[in-house]
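Remarks on the structure that follows.
Each chain gets a letter, A, B, C and D, in the order it is written, and its residues are counted from 1.
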């Protein structure tokens, strides 16, 4: 099976994070990216609720619930961390001081539009910091399954769900591909070697362009 | 200059029907449980305050703190960024029944609007929410070729704040990520009411490490062993707490 | 001689500062006000460059030039002081958190307009924090000589010099009077007992209204 | 993560002709004398950088620091609130001779514009300067019946900053009122260059007391016994200083 697991998608996204990068990981799935930093590279993680340079979760029972990330999970501190209030935290976000934000998505459109906060008018809406992150970080990447659970494409021509941001996504890491958004189009960068371009295109709701070589998308067992 | 008040009841005595109240905290971190519960105590005894507009990042969790305030029927409207959490059943049921109003604000915009309220900035432009449903009806303007949404300041009649240390002048420090919205809300409220785990003598806080200068604070009450919302919820606690 | 000295004007202004008030004193003459706080009352002084609750000047030779006020004079700290950066400092100013700002003036107009930053296009212009203070503090008061050195009135119908702020001054303490600005007019509150109303009016460039009793303006020898 | 550079020359190596440079300090407090002098050293050796736009509260004093930078002919334009002081003769002469440009900005507006630059807020409204010469040509709008002036963000290519302690990640603390504009300028510049009196090991600064989080800082150089501008001027010092 050539489909990447969620761990493997997170691993692949982590490979593109430079040493010394300031990174914000969205709540849930994107948090996994922190586990796969390549050896010798150190990213500094930012969380909206006011911590820079936090580390892994503490052992169960060791949690300090005043020391949490934006997903309300307990974290620990690394040497050289800092606390700050929410306005300073979002000054970091909005002011372009984060190198990368990695978010989950319901849909990403070929023009870079992102829908990841609302599945429609039903239920209680909740947006958190996603709309701030997508217009702040120098690079906004998405990690997600290539298709929805019901098989519908999540990579689309135009988002059908309420937007989080307009033209903000530049790279998408999925279970089947690495895709860049360039000039309002999806450009395929990587795919699993055993997956044909045609099969990948069939699972994608907008045209995939080829521009330069397509590398093999291969992740270790995780 | 001594901003200490006798007890929690005295601290929240000035909050009246229809007021806008900012409440610090992000999830359970920095949530002033004791001040909130003192306010509910007053409501249960007197029927007031009610019809409150509450500003908080979340919508409460479980049956303590903000969730208990909502459950008591004291809140008319909530201004927040993320009214979902592990157990926001109180808010969710009222919201879906149309019994509580919600103004949803992106988290960074919420923080900046509160800071603007405190800093005398009536409006500012942000890229956040441009082109989304949350920008509907708001003025848009281009600066250097990029579109921005104009947002308004947010102020409150009162703020309920959880601090770690205070001095009698009202200078404050916080604990770890319990800082979050607390320093901003101190700035944006007419009456900033603080519960601090420790009140130190004047000069007890190094002026270099003060996070909230005392000028933003009106009342202080010492709550030596404050409860943490997350701990309470994990223990299944329900307002009113046992002493 | 019934004219108040600068020390006496400062003393008079100090009598109106309530216990616990947060106060900003302009550079120069207004700084004197701090010396005359009435016994039993404690004002907390703010300086634009980031100190709350500073105290008197240190002894000569004891100066720490990182511990200065907006006039670049060395100060000391009182217990319960705080340092903060310039944006936070002017959040205090602009956000209405100061109870009183006391400033000097070249001219004050009966509509509350203030001119205190520029004497015209000659020389190097410099504004500092005056324009922020006049629109921020809950009460903006002026202390000044009643007339200029050349005898021309400083209390005028309309300012002739470049404005610092529009309709911002509510009370003026001069060498000859205490005057409130109410409804766009000067209302006389206090004058030295030996000075006739007519003589005071003659030294004033706009009409002085009488609204309620005029108290005697008497200050101790200072 | 180690943002330390070898020496002052390396610290200022990236500043080029025509750049906008923010320089921390209010009067002499917080003025990064050694970084400024390193920049003048380079100019004297290479003729570059020149045509700088400098943002500072003042216009320098005496013949050291910012005044020396201006005197060396490196500054095309100054953006400041108060170009008067005890001895601003260098700026005054050039200004009256029409050889240096001045943009005068109210002090609070200057601070807020810099903070806005760092926080991604392209414009905001302030009551400051309404109805005055300094508001000429700026949009005015009423909010809740009161007029406000719209001001734009201010950003820089580089900032020269004086801190008290730093760690290798770039976290900073300041000393007393030497803090002033420094933390704001750290936020608003592409390349924030810091001289710190002490560089502590990672974890050497309590995360509760960090004033500038390291993310805002690019380069750090240790200057163990920094000169204070006021002290230098009282001693009649002139650039270049004796070692």
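Convention: a contact is a pair of C-beta atoms (placed from the backbone, for glycine too) under 8 Å apart; a residue touches a chain by one contact, two chains touch by 3 or more.
Not measured: the values here are computed from a predicted model.
S.K.: Contact counts by the stated rule: is the higher one at B-C or C-D?
M.R.: C-D
S.K.: For chain A and chain C, what's the span in angstrom between their mean Cα positions?
M.R.: Chain centres of chain A and chain C, defined by C-alpha means, are spaced 56 Å apart.
S.K.: Counting in whole Å, what is the centre-to-centre distance of chain B and chain D, each centre being its mean C-alpha position?
M.R.: 35
S.K.: So how far apart, in whole Å, are chain C and chain D when each is placed at the average of its C-alpha atoms?
M.R.: It comes to 30 Å between the two C-alpha centres.
S.K.: Would you please write down the residue numbers of chain C that are in contact with two or more other chains?
M.R.: 51, 83-84, 87, 90, 93-94, 135-136
S.K.: Indicate the residues of chain B shared as contacts by at least two other chains.
M.R.: If we look for residues of chain B contacting two or more partner chains, we find 112, 115, 119-121, 126-127, 174-176, 207-208.
S.K.: Which chains are in touch, pair by pair?
M.R.: Here the touching chain pairs work out to A-B, A-D, B-C, B-D, C-D.
S.K.: For the complex, give me every residue of chain D touching chain A.
M.R.: Per the touch definition, chain D meets chain A at residues 1, 115, 117-121, 167-169, 171, 187, 201-203, 205, 207-208, 210, 213-216.
S.K.: How about chain C: which of its residues touch chain B in the complex?
M.R.: Touching chain B: residues 20, 22, 42, 44, 46, 51-53, 77, 79-84, 87-88, 90-98, 135-136 of chain C.
S.K.: Enumerate the contact residues on chain A facing chain B in the complex.
M.R.: Where chain A meets chain B, its residues are 47-51, 64-68, 72, 83-87, 89-90, 93-94, 113, 118, 123-132, 135-136, 162-166.
S.K.: In their shared complex, at which residues does chain B touch chain D?
M.R.: Interface residues on the chain B side: 112, 116, 119-127, 141, 143-144, 146, 148, 152, 173-176, 207-209.
S.K.: For chain B, which residues are in contact with chain A within the complex?
M.R.: Touching chain A from chain B are residues 26-30, 57, 59, 81-86, 88, 91-92, 95-96, 102, 104-112, 114-115, 126-134, 174-184, 211, 228-231.
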